[in-house]
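Should a chain be cited, it is by its letter among A, B, C, D and E, assigned in written order, with residues numbered from 1 in that chain.
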Amino acid sequence: ETIKVGILHSLSGTMAISETTLKDVMLMLIEEQNAKGGVLGMQLEAVVVDPASDWPMFAEKARELIEVNEVAAVFGCWTSVSRKSVLPVFEELNSILFYPVQYEGQESQRNVFYTGAAPNQQAIPAVDYLMNEEGVERWYLAGTDYVYPRTTNQILEAYLKANGVADEDIIINYTPFGHSDWQTIVSEINSFGSAGKKTAVVSTINGDANVPFYIELGNQGISAEDIPVVAFSVGEEELAGLDTGPLVGHLAAWNYFMSIDTPENEEFITAWHEFIGTEDRVTNDPMEAHYIGFNMWVKAVEAAGTTDPDAVIDAMVGVAVPNLTGGLSSMGANHHITKPVFVGEIQADGQFDVVWETPGLVLGDEWSDHLPESADLIADWRAPLSCGNFNVATGSCGGSEIQ
Amino acid sequence: MLEITDVTLQYGAARALRGVSCTAEPGQVTTVLGRNGVGKTSLLRAIVGRHGISGGAIRWEGADIARLSPVLRAQRGIGYVPQGREVFPLLTVRENLETGFAALPRGQRRIPDEVFELFPVLGQMMNRRGGDLSGGQQQQLAIGRAMVMRPRLLVLDEPTEGIQPSIIKDIGRAITWLRSEAGMAILLVEQYFDFARDLADRFCVMDRGEVVMSGTGPEMSGPREPELRRWLTV
Amino acid sequence: MSRPQLLLDGVSRTFDGFKAINNLSMVVDKGELRAVIGPNGAGKTTMMDIITGKTRPDSGKVLWDQRIDLTRMDEADTARLGIGRKFQKPTVFESHTVEDNLRLALKGGRSVWATLFHRRTGPENRRIAELLDLIRLTEARHRPAADLSHGQKQWLEIGMLLAQDPELLLVDEPAAGMTDAETMWTAELLKSIAGDRSVIVVEHDMEFVRELDCRVTVLHQGSVLAEGSLAHVSAMPEVVEVYLGR
Amino acid sequence: MFLRALIAAIGLWLAALPAVAQGFDDLLARLPQGSFNDRAAVVSALAATGDPRAEAVLDALAAGELHMRPSDGALLRVTGRGSNLRGVDVLSGEAVEVAPRSTEPVRVNNSLRRTVRAAMGVLTLRDPNPARRLSAAEAAFRAPDPEQLPAIDLALEAEEDARIRAALTQARAATILRSDAPLAERLEAVETIRARAPRVVISALSPYRAAAEPELAEAAGDAVAAAERTLRLWSQAQNVWFGLSLGSVLLLAAVGLAITFGVMGVINMAHGELVMLGAYTTFVVQNAIRVNAPHLFDWSLLIAAPLAFGVAGLVGVAIERGIVRHLYGRPLETLLATWGVSLILQQAVRSIFGPNNREVGNPSWMSGAFELGQLMITWNRLWILVFSLAIFAILLFVMRRTAIGLQMRAVTQNRAMAASMGIRTGWVDAMTFGLGAGIAGLAGVALSQIDNVSPNLGQNYIVDSFMVVVFGGAGNIWGTLAAAFSLGVANKFLEPYAGAVLAKILILVAIILFIQKRPRGLFAVRGRAVDA
Amino acid sequence: MTRLIATRLIDRRMGIFLIGLFIITVALPIGNLWIEGRPVPSYAVSLMGKYLCYALLAVALDLVWGYCGILSLGHGAFFALGGYAMGMHLMREIGTRGVYANANLPDFMVFLGWQELPWFWWGFDMFWFAALMAMLVPGFLAFVFGWFAFRSRVTGVYLSIITQALTYALMLAFFRNEMGFGGNNGLTDFKDILGFPLQSDRTRVGLMVASAVALAGGLLLARWITTSRLGQVLVCVRDAESRTRFLGYRVEHYKLFIFTLSAMMAGVAGALYTPQVGIINPGEFSPANSIEIVIWVALGGRGTLVGAALGAILVALAKTYFTGWMPEYWLFALGALFIFVTIALPKGVLGAIEGGLGRLRPRRRPTEEVRA
């Protein structure tokens, strides 16, 4: 008898470039856990499917995993739209999803555990850093045209204005997915940045579009000392496809960097290299998120003594496991976790060098406090509240989750 | 010499040729006559390799060519003027003519002057696209193009179709010239009886996929003429 | 007196600097049978293209029935006015059967709704049988038109033209690819149609034209070189020079 | 000698400020602590001490290699990782043992690094190396600090190199502007700075538009406005350049398709994957060069180009012989089969090279940019433009002027008749498709320089390249050229106003509308043959 | 007379297909709802429902491509518009059950700080209106687009590419949050339809049966059209457009009619699809999706209607099966399948089945158009 674990990451199509690694890391974690004797005395069995970067297909495959393969939990999704697509399935079939990617927030669902960063765990600290430590006064927010950048920028815009940044000192610019001709935008950044005020670019540019963006940045000679770029979707994996020489000093904000020097991380990296069979492959933040999420799930299952979703969901809140950066991450009542926030600078070897970090761990804020619509909302999945969008002003649990 | 023996040809289940035999000799014009749909074009298609045969043999200059590809047949000196012209519509007249070079050794790759003597209009329209020419001009181009190949066997499918009377006469003269001066074997399908008769050294008449009558050129206007004409009327 | 069915007045058309039709004027009366001859490239087919709206003239007038300007119409419009055409290179609907080709050409409703709710009728069937018989393709009626030989396609086109029952028939080289006997027979057919209908025939076969026994227009370099009876024009040295040859 | 005097002068001046009047060792101890802003002050002070050891410390700090050993507070310069970890005591210069995680990095960020550079600039304004002097002068211009004015003046006095003198003069002007010098002097400084490139003028003078003195504010405002006018004029030229450059990318992506699709009529959905193969070939070549012959790296693209042509061309020939050959006469079904091929090629690359981006580097001659007036022209874009035009020219020559080109066109117009003319249709088909595929491979070499090298590479270009070929007029190679450049330029003129997304939408709508006017594309093949 | 119509509409292949469809629509629900132990999981029901929507979409495309020679590379747009129309209704149905509990505005609008419902959302709270719009909006777009394109005589690849440009432009437009259709996430988190909860098995079965009925209806309608005189004219247009004009048929009217009708069918398919997959987003407009529809039709057998439906179901089935069975290598299998079918089964899967059975009289496949 085995316990099945579903892995729902695109192995083909546009998202394969990011998600395949997460499938691999899950296989590694499961293998390691099995070597340690499995869970509840049973071996784990990974069930891998390929939703092929097709959003409705994510829902179909989620249903297949839960209904046909009867998995105990699913680790998967990258894009927000894929997560949105599977939410109703997890709710209806009452199963568990671990979502490992930084996202825009504004969501808390009983069946989902969000192990990636919410905006307050990435975007806001990064902007704080630029404002306070680099004296940035002018902001160019460049993003790919989809929900994560749009939401993040909306939150940032509210936040920046609240901090006294003038309208004309903020530009928000969106580009299509896979945008590859950045000449105009980079030159616009160049002009915007030469108005005598310290300027920074906040990039929520997604995936494939980053490589040509940074190449253009390098070639037009925009150096980090003049106009630093801080990115929320660029990690070690993205840099692996680039000559980072001209990009040294540009920034990224994450909750994990491969370069962070802790024994746990070293062990993790060694295991990863061994598992994947090459020293060339890097590790990144969503991988750590899966590492944390998986260990939390194992712990919660052991605590509950069963894989029954209701029991596990209840057992999850409060579970704490070591993360890879030397701290102990724990699961909040809002199904988001606590994480440290790091700002790192790109190095010539494609790694990041941490220049700043939050003093302690930060709990993911599911409903942004910086947006009027969600300022009054909180999520708390513990009894008796058990609500994903409790309105503290009206004192009611508004929305879908109440029966 | 071209020898066709007992050739059958099928389009799917329908038979277009049923045991056709005939010959074409160098220095002679062989004409094939027959009403619409009796299989004349099918016979020529079999010879040039446009359509595979299901029985019989086609021998040219002593070798069996029935299994050869159209390219190899062209390279063995068989030139083809198809029914419906088939000029390359987007190539210029010059380029159309130059396609005839493919089967020639490098040294011979030039357009013979006779082409322009025979069809002066081609010379005037060298840079016009083949597809823009009038019907008759295209027909002239198709014949000229085959002449560029300098074939030893020239297969012509109704070459006078759509051509003005004066040029038909010229074509007649040209065929005579090619036959005698160049010693070409010429196989001519023709509906225009007088034209065929004037040129033919030999003739054969087809009906429903079979050769029903054959003979020498002079016989076309003699006692056998009424019989011949009968095969051509409905 | 006879009324002009079709009038071309000073029509010109240039292709990439080449004057295909050059100040061409011509009148065809109602019920007239007219033969048009002329060297290859004289502009005969182009003239038909202009009449049917396929090609727009650069200048000049084309009047139908003395009032309708054909230069503003497209192919479907002219067909609906009653101008039918047989092409020099036979073009039929290859994936339809011979019979269906004729049915589609048959005079009748051409609108989307008419065809959607169309039902076959007895008279229609009889007319089809008649036409099939006339073009001698009764045996081939259920074969796809793609399977026909070149000459058979010519006949099918003629059949389709007749099925349309047009006011004016434009017939481009009907005798090409026909045996002599068929050629003569076709000439008889066209003669029998004329009177009721107007007919313009283009042909290079002088026997055929002689048989038509009608007024002949000789085109050369896009304009009229001569007009008159065949005997008259073929005696003209210019015509012999550019067209008939010696 | 001079240096010492200078440092002494600065030291004296700084001594007046109590906050920084600290001993060198004191300052060193404070270097690893506090906020970046605090530490920036420490760095300036360190430089001001004039202590010769400062340079080594600052150098290590700027390189991000300065570590502190918590056990004794020693400052080490640490390089390497894991087993290669090596340490040097910055003050003594002696090598020391370091165990992993026994030291903590002294963090630098961009602003601190800038301060370090400026601080070191003071130390290098009189460096014997002219290049270092020049960059020190530039640094002083960009981060003007009134405290450095005496140093700049001294340097200016001694400087002989005209270029460096000019730079120093500018730096001096910027510094004066920042200082509380008399108004006349500062107005003069504005005039001096005005001579520089517009962008620099804007950046340097914008803050003074809000100066307290109205004359100064006006002068600065004038200068900035003039610079902005110049830039606006140039921005049109810049749009043209960007457009041509985008056009060249479109041309590259499409030109192979102009053959396989435009000329042959094969709907080749695997075209993008052939481009991808070219890019991966470049990756493999560069990898081999990096490992075996690093000195050849600058040649890597020239070596990769023929190989990419060969690899993609051979795959193309294989596709033609294996699949497309069976489909002449049913051209639309090539869509189904080549779609299948494209899936297989994508997955094959994913299986062999992994799903991630692979790194393809820019050779030195393709990196960086140069300025042409106010135009910033990047070398890689320029070379790609040249490359695309060269490919186009070669292709045009092959198609129009060679026998094989004639045969290619003949075969695609009427395969059976071409065979009857003695043209080896099979061979010609294979060569034509192979040529189109090979050119796609060449495009991949160029695209590897500006885009991801990933299994998705091909998919990113397929829609655009069909659009270009069709918009230009299928079957007309000139049309492809015209379409690529006109779409590129149009896009780049729209983008600044409409944004990238809307610009793209507008371009698509424009294509739809344009096709209504010219139903057979920009350079339509016209005439009887086509409208039959 | 009715017999005559029946034989005209239902030839052997259509008959067999409809019987198969009927069996599925009866057997799956019974197995899912009424048999002990539920041998048919709900998963299979909604999957089948989705396949049937694809099949209807494929039939719609076959109507224009197979019979009229219009290779639309943008049919996904009509499907998606139908899907959005239904999605908008489902969004409105959520009411106060959204996360922000706003009775008037869907969640994403609240989140974007919108104050009131944009005008183009008016009326979508009524099912009948949404259902109508699911047909009318795609139909209208097709009509306007077709009216210009066909009148200008845009044909062949030129038409194909502008249809692709159309769907591509729509995709980018729908990505934009400003458009008011939920941006890249599209519309999700639906609760119920006509008062039936979407998460219940009965609703799912109902939707699947509705899809089956729509497919059968679509097939019969398409068959009725293609066997009429109008259908013959369409084939004429496909094979020799210019010649058709010379017979007096206004080709553009015919094209416009069939294109608009086909777009409306695609819209219906989309409207049924959305509630069954639970999401509609701009990805449905992506050019690759539209190309895939063409692939279904080509694979099944162009110009056969039933073949198109079969092709859609087969490819979707293969995808479902392969992505679970060999997630890392399934593209090899699918690619190989496409290549195999084109080369080995020139008449598509349907042609191969019929040829293999050999019982049915060989029907001539219409000859291909010479150049795309």
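Here, contacts are C-beta pairs under 8 Å (C-beta built on N, C-alpha and C of every residue); 3 or more make two chains touch, one makes a residue touch a chain.
These are the chains along with the protein names UniProt gives them: B = Urea ABC transporter ATP-binding subunit UrtE; C = Urea ABC transporter ATP-binding protein UrtD; D = Urea ABC transporter permease subunit UrtB; E = Urea ABC transporter permease subunit UrtC.
Since the structure is predicted, the reported quantities are computational estimates derived from the model, not experimental observations.
> By the touch criterion stated at the start, how many steps lie between chain A and chain B on the shortest route?
2
> Based on the averaged CA atom positions, which chain is farthest from chain C?
A
> Could you work out which chain's C-alpha centre is the most distant one from the centre of chain E?
Following the centroid criterion, the farthest chain would be B.
> Specify the chain with the shortest distance from its C-alpha centroid to the centroid of every protein C-alpha atom present.
Minimum centroid-to-centroid distance belongs to E.
> Look at the interfaces A-E and A-D and say which one is made up of more C-beta pairs in contact.
Result: the pair with more contacts is A-D.
> Suppose each chain is reduced to the average of its Cα coordinates; what separation in Å results between chain B and chain D?
Taking the mean C-alpha position of each chain, the two centres sit 64 Å apart.
> How big is the gap, in whole Å, between where the Cα atoms of chain D centre and where those of chain E centre?
Distance between chain centres: 44 Å.
> Roughly how far is chain B from chain E, going centre to centre by Cα mean, in whole Å?
Comparing mean C-alpha positions, chain E is 52 Å from chain B.
> Using the average of all C-alpha atoms in each chain as its centre, how far is it in Å between chain A and chain C?
74
> Which chain A residues touch at least two other chains?
Only 11-12, 145, 174, 176 qualify.
> What residues in chain D touch two or more of the other chains?
346-347, 459, 501, 504, 527, 531-532
> What are the residue numbers in chain C that touch two or more other chains?
Where chain C meets two or more other chains at a single residue, that happens at 15, 54, 91.
> Looking at the complex, which residues from chain D come into contact with chain E?
Per the stated touch rule, the residues are 265, 267, 269, 323, 326-327, 329-337, 339-344, 346-348, 351, 459, 463, 466-467, 470-471, 474, 501-502, 504-505, 508-509, 511-512, 515-517, 519-521, 531-532.
> Can you list the chain E residues touching chain D in their complex?
These residues of chain E touch chain D: 71, 145, 148-149, 152-155, 157-158, 160-162, 164-166, 168-169, 172-173, 175-176, 242, 287-288, 291, 294-295, 298-299, 302, 328-329, 331-332, 334-339, 341-343, 346, 368-372.
> Would you pull the chain C residues touching chain E in the complex into a rising list?
Chain C residues touching chain E: 52, 54, 74-76, 79-80, 84-85, 87, 91-96, 100, 103-105, 110-112, 115-118, 144, 146, 160, 164.
> Considering only the defined contacts, which chain B positions touch chain C in the complex?
Residues 11, 14, 35-38, 41, 83-84, 121, 128, 132-137, 139-140, 158, 161-170, 191-193, 229, 232-234 of chain B touch chain C in their complex.
> Spell out the part of chain E that touches chain A in their complex, as residue ranges.
So the residues of chain E touching chain A come out as 41-43, 46-47, 50, 94, 96-101, 110-113, 172, 175-177, 183-186, 188-191, 198-199, 277-279, 281, 283, 319-320, 323-324, 327-328, 330-331.
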